[in-house]
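Same chain, two partners: subunit A is paired with subunit B first, then with subunit C.
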Partner chain A sequence: MKTNYDIKLGVSLYSYQDNYYFHRHDLEGCIAAAAGAGAEGIEVFSDAMIPEWPYVSDAWIDKWNGWMQRYDVEPVCLDHFSDRMMWHDKQLTDEEMFERGVMYIKLARRLGCKAIRVLHEEHIGPKAFVCKLTDYDIIARLLPIAAENDVMLALEVHTSDGVGAPYQQKYIELAEKTGIPYVGLQQDFSTFSYCLSTADIVTQVAESGANKEVLMAAREEQRKAYFGKYDFDEAATAALIEKLNPSDADRLALHSILPSLKMPAGFVERRPFHGASRKAADYEKLYKDLYDNASKLVYCHGKFYDIDENGQVDDMDYPTIFKTLIDGGYKGYIASEFEGNRRMNMAGWCDEIEYVRKHHKLMRSLLGRE
Partner chain B sequence: MYDKHILSDAGARSVWENGKKYGYQFNLTINYYRGLPLCCVDQITMIIDGEQVPYEQMYVQHRGREYPYLDILKDDFPTDFYWLFGEYLTVVVKNGKGIEQGIHHCKLTLGTRRSYTPTMVSVCEKDVTFA
Partner chain C sequence: MRSRPIIEPESLYNLYANGNKVGFKFQVHQNRYRNVPLSCIEKITLKVDGKEIPSNMIHFCLGYKKLLPHEVADDYTDYWAFQDTVTIEVDQLGGLEYGEHEIDLYMLGKSAYISRPFYVTDVVNQPHTYPTGNIGEKATLWVMA
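Right, the complex of A and B next:
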C-alpha cells in the first residue's frame, strides 16, 4: 500500500528465500507476501528470482509492472553482486566488473528501481577478504552512468564501525566532489548487533549438539552489558562458562564471542563476531554516527535473524536505531531483510512469512503507526 | 544453509534410447542463497554406492542445452548462463548402461565460487531411488 511517509517500509525478497527455493512461492507469491505484510517497496535479487536474468525481455518487464500495480507496491532496489571470480584460474578485469555494474544499473532502470545495492569493496570492512570487489575507482566510473539512468548506487554497510568510518565516508565525499549525487551509503542494521542471536543458537543446538543453556548464559552476559551500558567482560564471561562444564560443541559455538575460551584440539580460527570486542563507548559512537549521517543515507536494510516473545528483534536495539534515524532526519526506505532462514533452516522449516509479518508490525509500531 | 537439499529426489532415473538404457540422470539445486553462472561451478563430484562417477561421463543439462561437465570448468566458459536459485541443474551420466532401478546410496559434493566469500563446498549424502 503506497503512503506519503518520509520513512517507508519495504521487503527484500531475500527474506522469503526458502519459500522460493523449495517452490512454495514463486516470485509473484513473494511479492504478494510482502504486500500482505504491509510493505510498499520491493527489493529483488536479479540472479535469484528473475528467471530471464541477465537478458530480461520487455514482456517480462511488463509482467513485473503488472505485479507492482496489482499489489500496489513499487520497485525500490535491485541487488548488485561483484562476481569477479568467474573462473577457476582467471578473474574478471576491472573493465569487465565495470560492465557488469552497468548491466545492473540498466536493469534497475527498466524495473523501475531507484537504486541498486552495490556490493562494494568495503562492505564488510576496509578490505574484502577473497577478491577485489567493486572498488572506489569502478564506482567513480559508474557514477555518471547511474546519474544518466537515475539509479542511486547504494553502498551497503555491514561493518562493526558503521557508516562513520572514513573508508565509507570517502564515497559520500565522491558524490560531493563530483557534484553527482548518485552514490550514497546504505545502513544494514546488523552493524548494531550486540549479542549472539538466538537464530545462531538454534542452529548450533541442532547441528553440533551444543547446549542451549550454556550458549544462552553467555548471550545473557552480552545483553546485560549492552543494556547496562558497561563494557562486556569477555574474560569474566569465559570464566563463568567454564564453571558450567561446557562441551566441545559449546566451546566451538562460543568462540566468536569468547575468544579466550579454551578450544578443542584441531580448532581452526574463525572470524570473530563483530560486536565481541565492542565497548559501551563504541555503541555510543555508532549511534552518534548514525544520527549524524541519517539525513544522507540512501537506504536501510532492516536486518534481523530472530524475533523474541516480546516482538522485538533479539540481538539489535531496534527502538534506539529507529529513534536515531527519525531524529537524524532519515528519509527513505527501510526494507526487511530476514536472514534467520539460512541460520535456522538446518534445524527445520523456518516460517519466513510469519517472521516478516512480525517484523513489519514492529517497525510500524516504532514509527508510531500502530 | 541448503547442504541437505542440494541433491534432489525428483527426476532421478535412467535415460533411454530405443528401448535401451544408455545412462542416468539426477538433479541438483544450488548451495547458495542466490543463483550463479554455470562458470562459477567449481566441482560436482558424485559417489554412488561407493564408486565415483567419472567426470568425463558427466554432462550438465540446463534450460534445453547440454554441456560436457569438464567444459563448464574451463576458463573461457560463458558467464551468462545462470543457474538460478532453486532451479534444477540436471546431471546426465552417459555410461552406456544406465543405473539399476532402485535405491542407491549417493554422496554429492558441490563446490561453487562466489564473489565475496570463500568457495563453498557442500556435501549431501543420502539414499536416492532411481526410476
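Right, the complex of A and C next:
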C-alpha cells in the first residue's frame, strides 16, 4: 500500500528466510506476506531469493515488476554482499570486488531499487573480518557508477558505537567532498540492543540445555540498568548468578554478557556481546549521534529478534529509537529485518510472517498511524 | 542452525544401468542462509555403514553438473542455491542392500565473506580455512528402491 509519509515501512525478505528455505512460500509468497503486514517497500534478499542469480534475465525482471504491481509495493533495496572469499584458492582483488559492486548496482537499477545495502569494511567495526570487505577506496570508485544508475550506496552500520563513529562519518564526508550524494549510512537497530534477547535464550535452552531462569535473571539485570539509566554492574551480576548454582551450559550461555563468570574447563574465548561493556552514558551518546545524523541517514533496518507480550521488541528500545529518528528528521524507509528465525529455529518452527506483522503493528503505532 | 535434517529423509535410492545396480544416491540440503558458491566447498568425505567411500567414487550433482569432490571447489561460477538440494551419487557395483544404512557425510565449507576467527572456536588463527559452514551429519536411511 503506497503512502506519502516521510517515514515509510518496508520488509527485508531476509525476514522470511525459513519460509523460503522450507518451500512453504516462494518469492511471490514472501512479497505477499510483506504486503499483508502493511509494507509498501520490499528489500530483496539478493542471491538467496533471486533464482537466476547472478545472471538475471529480462523475463524474470518482468515477473518481478508484475509482483510489485499486483501487491501494490515498490522495490526499495537490494542486498549487497562482499564475497571476497568466494573462491577457495585466492581472494578477490579490489578490481574484482569493484566489478561485483557494479553488478549489484546495475541489477538494483533493473529491479527498480533505489538503493543497495552495502556490506562495507566497517559494517561491524574496523578490521572485524579476516578479509577486507568493500572498503573506502572501492566505495569511492563505485560512487559515480551509483550516481549514473540513480542507486544509493547504503552502508549498513551494525557497530556498537553507531553512525557517529569517525570511521563511519568518513563516508558521509566522501559524498560531501565529491558532491555525489549517492553514498550514505544505514542504521541497523541492533546497535541499540541493550540486553540478551529472549530469542538467544530460547536457542540456548533448546541447544545446550541451559536453564531459562538463570539466563533471564542475568538479562533482567541488564534491563534494569538500561531503563534505570545506570551502568550495568557486570561483576555484581556474575556474583548474583553464582548464587543460583549455574550449570556449565548456563555459564557458557552467559559468557557474552558476563565475561567474569567462571567458565568450564576447555572453554575458548568468544566475542563479547556489545552491550556488555556499554555504560549508561554510551547509550546517551548513541541516541545523540542518531539524532544528529537522522536527517542524513539513507535507510534503516528495523532489526528485531523477538517481540514480548506487550508487543515491544525485547532487547531494543524502539520507542526511543523512533522518537529520535522522527525528531532528528529522518526521511526514508525502515525495513523490518527479523533475525530471530536464525536464533530460534533450533527450538522449532518460528512464525516469521506473524513476527513481521507484529513488528509492523508496533512500528505503525510508534509513528502514530494506529 | 535449523532443526531440519541436512540429509533428506527417504532420498536414498540405488542407481541402475542396464538392469544392474551400479551405485546409489541421496539428497542433501545446505545449512547456510544464502547461496553457497561451490568454490567455498573445500572438502567432501563420505562413509556408508562405517566404510569410507573413495573420493573418486563420489559425485556432487547440481543441475547438469556432476563433479568429483576435488572439482567442486574449482568451480568458480556456480552457486548451491539456498533452498535447493544437491544429489550425492556414489559409484558402487551392486548398490546397497535393501534395508537401513548409516550415511555419514561431511562437507567442509567456508563463508565467502563473514569468516571471523571467533565464529568457529576450534580453528582460531587459521584464516581462510576455518569452516563456518560445515555441512554434514550422520543419518540412517532406508534404501527406497
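Methods note: the second predicted complex is superposed on the first by the 370 of 370 C-alpha atoms of A that agree within 3 Å, B and C clash if a C-alpha of one lies under 4 Å from a C-alpha of the other, contacts with A are read in each partner's own complex, and residues count from 1 in each chain.
Here is the rule we use: a residue touches a chain if its C-beta (ideal position, glycine included) is under 8 Å from a C-beta of that chain, and two chains touch if they have at least 3 such contacts.
Remember, it's a predicted structure, so these values are computed and weren't measured experimentally.
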Handout entry: subunit A as common anchor, with subunit B and subunit C clashing or fitting
Key = clash
Handout entry: Which superposed partner A:22 touches (first subunit B, second subunit C, both, neither)
Key = both
Practice task
Look at A:345 in the shared chain and tell me whether it touches subunit B only, subunit C only, both, or neither; answer first, second, both or neither.
Solution key: both
Exercise for the section: For A:324, select first, second, both or neither according to whether it touches subunit B, subunit C, the two together, or no partner. Expected result: neither
Exercise for the section: Report for A:268: first if it touches subunit B alone, second if subunit C alone, otherwise both or neither. Expected result: second
Practice task
Could you look at A:83 and tell me whether it touches subunit B, subunit C, both or neither (first, second, both, neither)?
Solution key: both
Exercise for the section: Examine A:168 and indicate which partner it touches, taking first as subunit B and second as subunit C; both and neither are also allowed. Expected result: neither
Handout entry: Common ground on subunit A, meaning residues reached by subunit C in one complex and by subunit B in the other
Key = 14, 17, 20-23, 47-49, 51, 53, 81-89, 119, 128-131, 133, 342, 345-346
Handout entry: subunit A contact footprint on subunit C (complex, rising order)
Key = 1-4, 33-35, 37, 39-40, 42, 73-74, 76, 79, 81-83, 110-118, 121-122, 124, 127-128
Fill in the blank from the handout: The residues of subunit B that touch subunit A in their complex are 1-5, 29, 33-37, 39-40, 42, 73-77, 79-80, 82, 84-86, 113-118
Handout entry: For the subunit A and subunit B complex, residues of the former touching the latter
Key = 14, 17, 20-23, 45, 47-49, 51, 53-55, 81-90, 92, 119, 123-124, 128-131, 133, 342, 345-346
Exercise for the section: Name, in rising order, each residue of subunit A that touches subunit C in their complex. Expected result: 14, 17-18, 20-23, 47-49, 51, 53, 81-89, 91, 119, 128-131, 133, 207, 268-271, 342, 345-348
